[in-house]
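Think of it as A, B, C and D in the order they're written, each chain with its own count starting at 1.
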Amino acid sequence: MARAYTDKEMMALTAGRFVSNGDVLFAGTGLSMLAATVAKRIHAPQAVVFFETGGIDPALAELPLAVADPRVMTGTCMNSGLIDAFSLLVHRRLRTIAFLGAAQIDPYGNINSTCLGDYRRPRVRFPGCGGACDAASQAFGVIIFMQQEKKRFVEKVDYLSSVGWLRGGDSRQRAGYARGGPMAVVTNLGVMKFEEESKRMYLSEYYPGVTAAQVVGDTGFELDVSRAKESVPPSAEELRILRQDVDPQRLILGPVAA
Amino acid sequence: MNDRIDAKSKLMTAAEAVRRFVKDGDMIALGGFTVSRNVMVIAREIIRQGRRDLHLVMHSHGQAMDILVGAGAVSRLELAYGGTGRFAPTGIRFRKAVQSGQVQVEDYSNFHMSLRFLAGALNLPFMPSRSGFETDVLGQQGFGPELRGRGKIPPYKAVVSSNPFNPDPEPVVLLPALTPDVALIHAQCVGEDGTVRIKGLTFLDIEQAKAASRVIVTCEEVVPAAFLRQDPDQNSLPPFLVDAVVPAPFGAHPTACHFFYDYDPRHLNMYRQVAGDDDRFRKYLDEWVYAVDDQEAYLAKVGAVDLMRVKANSNLGYAPGLDRR
Amino acid sequence: MNDRIDAKSKLMTAAEAVRRFVKDGDMIALGGFTVSRNVMVIAREIIRQGRRDLHLVMHSHGQAMDILVGAGAVSRLELAYGGTGRFAPTGIRFRKAVQSGQVQVEDYSNFHMSLRFLAGALNLPFMPSRSGFETDVLGQQGFGPELRGRGKIPPYKAVVSSNPFNPDPEPVVLLPALTPDVALIHAQCVGEDGTVRIKGLTFLDIEQAKAASRVIVTCEEVVPAAFLRQDPDQNSLPPFLVDAVVPAPFGAHPTACHFFYDYDPRHLNMYRQVAGDDDRFRKYLDEWVYAVDDQEAYLAKVGAVDLMRVKANSNLGYAPGLDRR
Amino acid sequence: MARAYTDKEMMALTAGRFVSNGDVLFAGTGLSMLAATVAKRIHAPQAVVFFETGGIDPALAELPLAVADPRVMTGTCMNSGLIDAFSLLVHRRLRTIAFLGAAQIDPYGNINSTCLGDYRRPRVRFPGCGGACDAASQAFGVIIFMQQEKKRFVEKVDYLSSVGWLRGGDSRQRAGYARGGPMAVVTNLGVMKFEEESKRMYLSEYYPGVTAAQVVGDTGFELDVSRAKESVPPSAEELRILRQDVDPQRLILGPVAA
C-alpha cells in the first residue's frame, strides 16, 4: 500500500515530536526549519525558534530557505547577531534543542558535514560545520537528520565536524563537554536513539511500511534492533498543517510523489 | 593615523575603493551571511581589477565568496560554512576549488569565528571557547606548516589549554584573534560622514569592521549624517571607523538586503546551473562581472522586472509570495 | 527549566519579585551606571525586606549601590568605581563601609568587569585582557583567603598567563567569568511577555542579564509585546531571559532614565549632605525607604513639582536648563 | 597682580591644547570633560569625544556631570555600551587620548584613584580606577589632571590604580603594554612631562604668576626644572568660549573667585 505521505514529511513530523512546549529551538536550514516550525504550530506553541544569525522567535509566515533569509528577521522579538545568538545557545538556564543535518554519522552520533577523503585535498567537500559544531558542543540536546544509507552510517566518519557521544560511555564528558549530546537521529526509515550507558546508537522506531531489517541493511555498522517499534503514522491534521501552513510551496518538502 | 576623521569625503566609487584599499595578498573579512547582504559590488570590482592571492575570512558565506573563489582571486580561506542554504548547500565554485587544491581552507565553527573577530575588535590576542574538543575542526590543520606563523596566520590553529580558575582539570580551547586588512560591509543606510546603520540582523559585521585595519561600506542609501544622529541607538558603526562609502543600490543582489529587497531565486538558481561547469562559469563572469563596469550597468542587465520582483514589502522586509522554487 | 517561557505572567510588584528571586547571600549584578538607570525600586525593596550578606557585582555604580551598602545589606562588592560623578565622586556610604571594614571590596577596571560579565554571558570560563599588568588592581586581593574558591568567588582574582600564539613572550591577564544569581535592570519599555527595550546607552545591562541565573526588570512602561515586535532591531533582551517585570514609573529616581527624566540634583545633593552622618543617613532611610511601601508612595513623597522639574524633553532626552549645581 | 582666570580655567585650557584635530578623546567627568569640550570648540573641531559608557561624539549642548549623564547620549553618532566603547579605546588605528584624574601620582606618572593606607582596610577610600586603568593601559596617550600638593606628588603611590611609565625606562613596555603612557600632567601650577629615555617627570611649564620653585615646593619628589618655561596665558577668546559656551553654569569650573 502506498503511504499517504513522503519521507520528508514523516521526518519533519517525527523530529517535531521531540519538541516540548517551552523549548528553545536552534534551527538550521532545510528539514530542521520544518521540524521546528511544525512543532511550534502543532503541539508546542510556546517553543521559541531562533537562528545562529541572531533572529529570535520570528513570525515565520513564510519558510526561510537559509538561516540568513530575511524571513528570520521579521516579527522577531529581537534582531541581533551571531554573538547574541550563541549566548542563547549556550545559556545554562535554557533547554536549547538543536536540529542538525550531516553527510556522515558514526555509531556514537558524531557527524561529518565537512568532507570525504583527506581533509586537505578532499574527494568531496561539503559546506563545513557552520554553527553545528557549537550546537553539538553546547546545546542542551541535539536531534540529527540523516538519509539512511550504508555510506552515511559509517564506523568512522571521514572528518569529525560536530561531536556526538564521542567514543561512548562518559568520553564526551571527559573531553570537556558539560552538557548536551545527541538525543535522536531521525532518518527516512526511522528513529535511532543512544543507549543510556554505552551511548551507542540503537534502532528505536521504524516507520510504518519499513522493517527493522531494512534499516539494518541501510546502516554501515551494527545496529541493535531489539527495542525497535513501529512509529505512529502522521495524523491527517499534522499533515494538513505541514502542507498547508508550513511549506505550501513545498520548498523543502519537495515533490508530493517522492 | 585618524586619517578617516580628517577625510574630506569618504564617498567614492567601488573602483576607487578597491584601488585604494584592497591589495593582492590582503586578508579580507566578508560581511553578510549566506544569502543576505553580501558585498557583491566590491566582490565584482575586485575580480575586475584582477586582485590575486586574497585570504578570505568569514563565518558562513555566501555568494560573494563563491564568485571570488571561482574567479581565481583567492588563495586561502578561513570559514565555518561555505554555501547559500537551499540554493547551493555547498558553494559550487568553493567545492571545486577545494577539491582541486586551488585554495587552502582552514575550518572553524561559527562561534569560533565570532569569537576570533570579537578578539580582534577588542584588541585581545585570543578568546577561549568550549566548542569542538576532540573534533577534527580543532584537530585537523588546513594550512600547512609553510604558512603557519607567517603574516597574519598564527602559528597554531587553536590551542587546548585549561581553566586556571577551576581546581579540577577543565579543558578550554584558545582561538587566535583575527585582524583583517580590510572588512567589506553592505548596509542599508550610511551617512555622508560614514556613520553606518544596518537594519535587521547585523551578523558579525560590526565586530569584523572593528577588527579590520580598513573598512569599505557599500550601501543602499547615503543619507545626511544629521538624520542618523536623530536616533543614534539604531546606528551600527561610528564614522571614524569607515574608510570608504560606496553608494550602491541593490548592491547585495542576488543576495537579500532586509527591507530593501529579497534574494533573487532566479539568479541564484541560474548560478547553480552554470557554476558547476568551468566554461559556463567563465561565461557567467564575462557577462555578469567583466562586461559590466559598474553597478548601474549591472542593474540595467538584471532589468527592472527582476528587480521589482524581489523588491521588499515595506511592512515585512522581504518579498512575500516570491516564487522561490 | 525554561519556566520563564511557560510563566503565565511575569508582571509583579517589586515586593513579590524580591521575595521570589532575591535571597540572603546572593550575588547581585546592578544594572545602570553611576547616575543613570539605577534600579532604585528594587534596591529600596531589598532594604525593606531586610536581605543581608549580599555580594554586589557591577562596573561603575552608583546610587543603588550606595544605599544598599549604607543599609547594611551588603557584605562583599566587586566593582571598578563607586560613586556618582560630581554629586559624590566617591560613594559616601560606600567609602564609610570600606574604611570601617563593614564590607570587603575587590577592585577591577571597567573593561575587566565588562569582559567578566561577557564571559558569563557566553558561558566562557574566563576572558583575556591587556589592562593592568603590574598594577595593584591585579596585584592586591580584596577578598581574603577565607573567601577564595568558595561559592561564586574564584580561587584567584586574576591570573597572568601568556599569549600562546606569539612566539615571543607576551603576557596576558585572564579574568574569571561572573555568573550572578540575579541581575537587576531598569528599562524604558518592557513588553507584557518580558521583551526588554533599553533606550540610550545600554552600559553592560544586556551582558549582565545573560550572565545571571535570574533577571528582574523594572520599567517605565509596560507595552504590548506586539508593539515591540514591530521594530525588533531596537530590542535588548528576549522575553525568555526575564523572570520578573515590575512596572515602576520614575523607577530610577533620583538617577536618570534617558528620554523619561533626568537625574534629580536636589535629591542627590541632599543625599550627599545627609549620607555622611550615620544618624542623618538612618533618618534618610526611615523617610525614603522604610516609610514608603511602594513606588506610588515614593512618588507621592518626591512630589509632582520635583518630578516635573526633572522630566525629560522629548527631543533631547534630558531636562535642558535644569539647575544642576 | 590678580590673574584674570581661575586655576581650573587654566587647567582645562592647558590640557585642551594637547588635543589635535582628528584625535579621539576618552573623557571622564570633571575637568577632563571640560578639556575635551573646550578643545573641540576652539581648535580641534573634528576631534571626537567619547565616553566609556558607550556615548560616541555627543552634541554636548550641556555639560555632562558623569559619564552616564543622559547628555552623553544625545546627538551622538552612536549609542552603545561599555564593550563597544572599550573597542574604540583600544583600536589600533585610532589616536585615542584619555584625560584622567587621580588622588596621587609618582615620578613616573603612575596614579592612584583607589585608596590611602592599606588596601583591605584603607584610611581613605576613593571611587576606584573605573575605566582609567584601561585607558592608562591601552590608549594611545594619557593626560593627567592633578592638584599640585606634596601629599599627592609622592615617591610611591599607596595603590597603583592606573599605570604610567611604571618604573621608567622601558619597564612599561616590558610589562606587556604595547603603546600609550602619560604624555603630560596638568596641575593648578603648571605642566609636567616625562623625559624621553628615563620617563621620569620634569617640569615643562609653570603658569604665569607661578614660579618653578613654587612647583618644586608643592611636589613630594625631586623635580627637574631646568627645561621649565612660563606657559602662554589663556586668550580672551579661549576664556569666553570656556565660560559662555562650555560651562556657563560653572558646574565644573566652580566659583569665579577661586
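Convention: contacts are C-beta pairs under 8 Å (C-beta built on N, C-alpha and C of every residue); 3 or more make two chains touch, one makes a residue touch a chain.
Keep in mind that this is a model prediction, so the values were computed, not measured.
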Between chain B and chain C, centroid-to-centroid distance (C-alpha), Å: 37
Gap in Å, rounded to a whole number, between the CA centres of chain D and chain C: 28
Approximate Å spacing (C-alpha centroids) for the pair chain B, chain D: 40
Multi-partner residues of chain A (at least 2 other chains): 73, 79, 83, 86, 90, 138
Chain C, residues touching no fewer than two other chains: 115, 122-123, 130, 170, 172, 200, 233
Topology of the chain contact graph, where touching chains are joined (line, ring, star, complete, other): other
Full enumeration of touching chain pairs: A-B, A-C, B-C, B-D, C-D
Chain A partner contacts - residues on chain B that touch it in the complex: 32-36, 59-60, 79-87, 89-91, 94-95, 98-99, 101, 104, 107, 109-112, 114-115, 118, 130-137, 139-142, 144, 170-172, 200-207, 256, 258-259, 262-263, 312, 316-318, 320, 323-325
For the chain A and chain B complex, residues of the former touching the latter: 29-30, 52-55, 61-62, 65-74, 79-83, 86, 89-90, 114-115, 119-134, 137-138, 159-163, 166, 175-178, 249, 251-252
Of chain B, residues touching chain C in the complex: 115, 119, 122-130, 149, 154-156, 159, 161, 163-167, 170, 172, 174, 176-177, 199-200, 233-234
Footprint of chain A on chain C - complex, ascending: 1-6, 121-123, 179, 191, 193, 195, 210, 213, 225, 228-229, 232-233, 235-241
Chain A residues touching chain C - in the complex, by the definition given at the top: 21-24, 46-48, 50, 56-57, 59, 73, 75-79, 83, 86-88, 90-95, 138
